[in-house]
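Naming follows writing order (A, B, C, D, E and F), and every chain is counted from residue 1.
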Amino acid sequence: MRAPRLDDPEGIDIALVGVPFQLGSSVRLGSYEGPSAVREASRNIRGHNTATEVSPFELANVADMGDAPHNPLDRLASLTLIEEYFAGLRSHGLRWIACGGDHTITLPILRALANETSLAFVHLDAHPDTWGRLYGEEINTGSVVRLAVEEQLIDPHRTVQVGLRGTLFAAGDRARTEEMGIRCITYDQYEELGRDAVIAEIRQIIGDHPTYVTFDMDVLDPVYAPGTAGPEPGGLSMRDAQVILRALSDSNIVSADVSEIAPRLDPVGLTALNAAQVMFELLCILAVSVERERGNRAPETVEA
Amino acid sequence: MRAPRLDDPEGIDIALVGVPFQLGSSVRLGSYEGPSAVREASRNIRGHNTATEVSPFELANVADMGDAPHNPLDRLASLTLIEEYFAGLRSHGLRWIACGGDHTITLPILRALANETSLAFVHLDAHPDTWGRLYGEEINTGSVVRLAVEEQLIDPHRTVQVGLRGTLFAAGDRARTEEMGIRCITYDQYEELGRDAVIAEIRQIIGDHPTYVTFDMDVLDPVYAPGTAGPEPGGLSMRDAQVILRALSDSNIVSADVSEIAPRLDPVGLTALNAAQVMFELLCILAVSVERERGNRAPETVEA
Amino acid sequence: MRAPRLDDPEGIDIALVGVPFQLGSSVRLGSYEGPSAVREASRNIRGHNTATEVSPFELANVADMGDAPHNPLDRLASLTLIEEYFAGLRSHGLRWIACGGDHTITLPILRALANETSLAFVHLDAHPDTWGRLYGEEINTGSVVRLAVEEQLIDPHRTVQVGLRGTLFAAGDRARTEEMGIRCITYDQYEELGRDAVIAEIRQIIGDHPTYVTFDMDVLDPVYAPGTAGPEPGGLSMRDAQVILRALSDSNIVSADVSEIAPRLDPVGLTALNAAQVMFELLCILAVSVERERGNRAPETVEA
Amino acid sequence: MRAPRLDDPEGIDIALVGVPFQLGSSVRLGSYEGPSAVREASRNIRGHNTATEVSPFELANVADMGDAPHNPLDRLASLTLIEEYFAGLRSHGLRWIACGGDHTITLPILRALANETSLAFVHLDAHPDTWGRLYGEEINTGSVVRLAVEEQLIDPHRTVQVGLRGTLFAAGDRARTEEMGIRCITYDQYEELGRDAVIAEIRQIIGDHPTYVTFDMDVLDPVYAPGTAGPEPGGLSMRDAQVILRALSDSNIVSADVSEIAPRLDPVGLTALNAAQVMFELLCILAVSVERERGNRAPETVEA
Amino acid sequence: MRAPRLDDPEGIDIALVGVPFQLGSSVRLGSYEGPSAVREASRNIRGHNTATEVSPFELANVADMGDAPHNPLDRLASLTLIEEYFAGLRSHGLRWIACGGDHTITLPILRALANETSLAFVHLDAHPDTWGRLYGEEINTGSVVRLAVEEQLIDPHRTVQVGLRGTLFAAGDRARTEEMGIRCITYDQYEELGRDAVIAEIRQIIGDHPTYVTFDMDVLDPVYAPGTAGPEPGGLSMRDAQVILRALSDSNIVSADVSEIAPRLDPVGLTALNAAQVMFELLCILAVSVERERGNRAPETVEA
Amino acid sequence: MRAPRLDDPEGIDIALVGVPFQLGSSVRLGSYEGPSAVREASRNIRGHNTATEVSPFELANVADMGDAPHNPLDRLASLTLIEEYFAGLRSHGLRWIACGGDHTITLPILRALANETSLAFVHLDAHPDTWGRLYGEEINTGSVVRLAVEEQLIDPHRTVQVGLRGTLFAAGDRARTEEMGIRCITYDQYEELGRDAVIAEIRQIIGDHPTYVTFDMDVLDPVYAPGTAGPEPGGLSMRDAQVILRALSDSNIVSADVSEIAPRLDPVGLTALNAAQVMFELLCILAVSVERERGNRAPETVEA
């Protein structure tokens, strides 16, 4: 996005950070190349959001801080490195948009944000990610939401999932997720309720609470994001994603991530193109939050 | 779909069968590689349909029976081999979902199902397939519906075509098809009537009659299925296809096919991904039929 | 489209002309290969429009006249060559559909059509193309509409832009464009108003005035046209494009162009496939105009 | 090669003809797209052979005569159509270079050249093509040389095969071929003898006899021709092919073919690029023959 | 290779086993898809080696035993699973050809073969793989030869490396490797000595000792194997590889592996095609060993 | 190559500079993306040349200085900008390796190096680049060597071209080039003389004279560099290129360039991979020159 490439967090309000970690996945690998592909694709993006009239680079100091450290040969060591890195950013008062990597990255990032109060959580995904162990391993790309709830990083009653669909290993996944207190909006419900009603419900669930947004590219129909680990036909359009994210402009978004971009699975490049656009929409809502906070002199709410 | 790979039809309720035959086509060839690409793509599909709450592998014994025999150097010999193969499956009481190959495969399959009573026929396609000879040859990918009506394999008054559009060699194709008694729903009409009304009409046309479903991938807009012989912009979405097929859950579906997947024309792989998903939706509705029938102790209906 | 390949304009009503010029662009180049890719993709198109019941090759003499002359080493010399070429076609009373090339080609083509009366102008694009100099050069792919207004080639009060969206270099682009008198319909407005209302407004703006239609492929969502210089997620579908263009059937369309097809950026080929389809829709409305005019014995209107 | 595109054989010395026939093959299909890909790739070729100092377009009238007729739904009918087409060319005294299509095309072409005297035959290929029936069919891509010998179209004692290698269905293929009288030079022997000795042997075998040259792209190592039906690692380089063909400049070459170019199997395009170059080398040696004959006033030799 | 797909080791002489493990690598990932791509590519390979006149499927019982177990989320657990799997095969007296995966797989396989006597070792590779820790991890794709020497799995004085070249992190890698007792033949030396002399030296080094052969695809020039993690221009040709491997026909080869095939990095498929061919050559030399041993009634040698 | 990215020339000995200019070409465009693709591909290259034992980053301060300025809409303005940029580098005493872009870039670079004494010139290319105007324009990708001689930038008697081959527009190109005094070594001669003799001749021609090396990727056989504007089958291997360049280690190389890398024409990426390797070899010989000069305290030679 033509943001300056900086390593020093001083003076930065919002960091764009790559997290090329894919060790939580077992199929359709390739998300370790997501950050570099999204950086390349973001060259087409310029500084003004014509739909919301927001110019994020004027509202906040934004920098591309490169990739978070990780160990490509060690899953658990990587998770620690990622958590420590984002905890460091937080200690400087930064917000960020992380770019995966597989969806596992959300867990160490949420740990870096851990506070007395759990975060509200907007989760755009085809899958609930409340599953159990994968190959016997507790932390994996399909268990991060369950673990985040168990570790009280997010508040299930302030959590909403949008876009759920597809085939699952067993019936009962949705029931189990709803029992955790999470509001699950399947694509069927999304279509039935209509986009406006879904947006209203998201806003009602998160309210003014500090909120984290996680965007798994597979929430989109595969025509928009063929390069993902778990494509599920019959999903959201980019237009849907844009309108939903823009509607969060006056919410209290502390940070966000976009994950599951596997460029080799998409020789045309739509996945990276759309992921870059999603990052830009997230950047716009974070930039508004930064500015509001600055006006309010209320940095403690941000606490991220 | 992680179904077991079996050759012996004993004990199987529903067979998944590849028919890598493309000798009825003359342009944009490549559908002979469709079955292997769809098999590969189906690895992402697991056993539960979250939209309809159906777990087909629990309701019925499903097996991948490999590819039907054919002669890649002889069109007519192949048609005979394919017909004999499916007649063999039928004699064991199996239902099946065939994966083409070009759309010509529907004719020998319908011949294998021939009975005193013609079948109802749900035909999702951009083209009516009621054309005449191609290069002087009677049986080709564009003539199968006309021949099936002429051979009384299907009942035109219980036949409905959805998704017709695109450029034709001459005006009058639709009029001719409608004169045969077939209900033709163009994409213009589909949009005007709305999906729900179209579904209601399909269900009214086929009623409880034994019904065959044929799904030509080109019924979808080319963004969902670029790898087909006859892509026609402005078509159905995968969401449309999913909702229509799910609405047939309580119909009397005897067997089905999906055709026109040419993997080399789609390096991204969306065509195979979506074809695998269509096969899964068809499998769910066949599995429900298998179970209902088992409850009814009415195996002879299966043979329709 | 299986039109005859001719060089002599005598007896031709509508010329299909490639303009493989990309010297007005600086990023995501490749549109110089657009005409040959669209020609290849148009092989699938046959002579009858099933939606509008128009058979353009029966209504008018249509020919593929190859590529317009240009100098691939000299931008300004090329613009002169292109203008002279189309002025030559006009002197023979031809209408045409040009296939770019980048969007800069619209300027020399409009100059070739210059008359006492400015043309009405239907502009389908993600961008307003009313920007200023690029790398210090006045004539570029982003300035053609501004220059066409300044040179009084088109009448801004009879000009309508549909599909505007995306990130711009600066706020104020839309305001500036509207100050020129142009009606700008962003994608947000398109969705809010609905397709039918937008069509009605287009028809009201152009009325019976001689009208030029320019179609930048980036007006479409990138899933329909990934191979363009400026893809902007969240745009029109091909269905939208088809319905809008078909609604211009009884307007007074003098000529048209389609631009920004970069085949190397789209290994699947959807951009060229859809561009060929857009050309066919444009051909149908031009063929109707040709026939109406013939009935009216009013060949001088053609020269508008 | 920028040769004029003509349909009328009058006045032409050498015809370039596409034969998009692939019905003799059963695996890795796609050679029906070979002629169009080679035409496109030949645009880079200009009129002078810097190695041999031959300018073929100055020595002979050369024309691209488009594609030979065939029936894509009927193998045997196609073979008849192809034979008749080339017999027609021969009746006008033309030489040609045919571009396949699969290697089966050599049989009908040789039949069109049938004479009292069998032809000498230079066969560059990884495979001997002296096998038997395929799927029960006599005429197929692997049997053409056997059939040509049996039909006395070629003289086995004036036939030389170069480049044989790879895995075969059974031992004994080479012994059988040699028993027919054919000289088989495997790649092992090619390397052992050296290129110069092999060339000398080819020239000694064919002498001044009217000779047909057939070039199966799989004679090359797959890095030079990945887009073929039967790639066999460890083969000739393009340099080898160029030097061998150039050494035939003063032989009596009556016509030639190049086959087995499947563009979809080679997204980079090397197969078509190299096939176009092989055609150019063949064109140069045919043009020299044409000129020599013209000097000799011996047109009846041409008809061999 | 059309070998039967079996899971039960009883009665099998030579197993073909995939090891889709890539957790020892950090760049240009994708070798976890190597086994499935090589299986697909091996369809073109039939049962007879025309160069050596060996028909391996007649000499030995060969089976595709699928993929070795591993844990895609845990590097060390995977290494244990792989070692145990091959130890199990060995306990049944099988030989095998493993297909990686990254080159790390050679270490657990050699551990499964551990004996009182170290193995001789033929190592075809661009890199010595005698480096140290990678990201602090001892076992990685670049340390396997060093570890195998340290664990006395292989005898450095009976080890020969062929094809070394490329850029290294530091000078001295070769000196260190030679100090271990290993014979390092760089590509410069390979060219200088000539292929025949190198083959003679390999044979002299391994003698009749039980020998393991490891083939890293990057030993080939990248035109033959673009889909590898560490392509190094200026390497061996497939012809070189074929001739070297064939020369080991009368050596005492106990097992072998081929690794570093990353199909997504090679859309043309040459890497998998050539890897399948290398496996076939290895199969031929193993089959000869099996037969010789059978004649000798010396099954205990197998266990080396 | 992991060189630091710097903009300030102070303290740098050798600059790596991209020149994404393609306005001198008319066919097979795409070289404007060469620099970014080569940068990406160079990540695999580390700091030590195992063949020559040179570690360039230890001998000299090397920096990636990004791309030279240019105007993508104006050919002549770009040439001036490029010349001024390199003149600026020279005024700081830097050497450089430029990465094109098309081969036209060599002319402004040579102009920036202009001195009383013409440079010696090593030209690796399939084409002589001594042609005339293209589309009427004097300066183009095929005229740079002729112009460099006419402007006395290079000394034709100290100029050697290696690798010439392919089809030309007319006979006589080579004769004309040789009349200019240039030594032309065609590929035929290269093979006949042998690589060692050619190297000796190059060294004899340039002697100790300040020498510029220009490497057009099309000197390589297209299997090594399919992504070029003018691929000519039957060329040098990468091994040839490596050995030739390494043999210039003790020559007086002042600067160099590599050009004609069009990444979109090579989806596999071999062209960029090999271009990065060529740049590394050039870097090694420049680094040796830098060190020698430093020992000699003869910085004015640098300015040649």
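Just so it is clear, a residue touches a chain if its C-beta (ideal position, glycine included) is under 8 Å from a C-beta of that chain, and two chains touch if they have at least 3 such contacts.
The structure presented is a predicted model; accordingly, all values stated were derived computationally and were not measured.
Does D-E or A-E have more contacting C-beta pairs?
Counting C-beta pairs in contact, D-E comes out ahead.
Please pick, from A-E, B-D or A-C, the pair whose interface repeats that of B-C, with more than half of the contact pairs identical by residue number.
A-C
How many angstrom lie between the centres of chain D and chain F, each centre taken as the mean Cα position?
The computed centroid separation for chain D versus chain F comes out at 39 Å.
Provide the C-alpha centroid distance between chain B and chain E, rounded to the nearest whole angstrom.
Chain centroid spacing, chain B to chain E, equals 46 Å.
Counting only Cα atoms for the centres, state how far chain C is from chain E in Å.
Distance between chain centres: 58 Å.
Listing for chain A: what residues touch at least two other chains?
223, 265, 267-268
Mind pulling up the chain C residues that touch chain B in the complex?
43-51, 53, 55, 223-224, 237-239, 242, 267-270, 273-274, 277, 280
For chain D, which residues are in contact with chain E within the complex?
Listed in rising order, the residues are 27-28, 164-171, 173-174, 186-188, 191, 221-223, 226, 230-231, 233-234, 265-268.
Write out the stretch or stretches of chain F touching chain C in their complex.
22-26, 29-30, 32, 71-75, 134-137, 140, 264-265, 267
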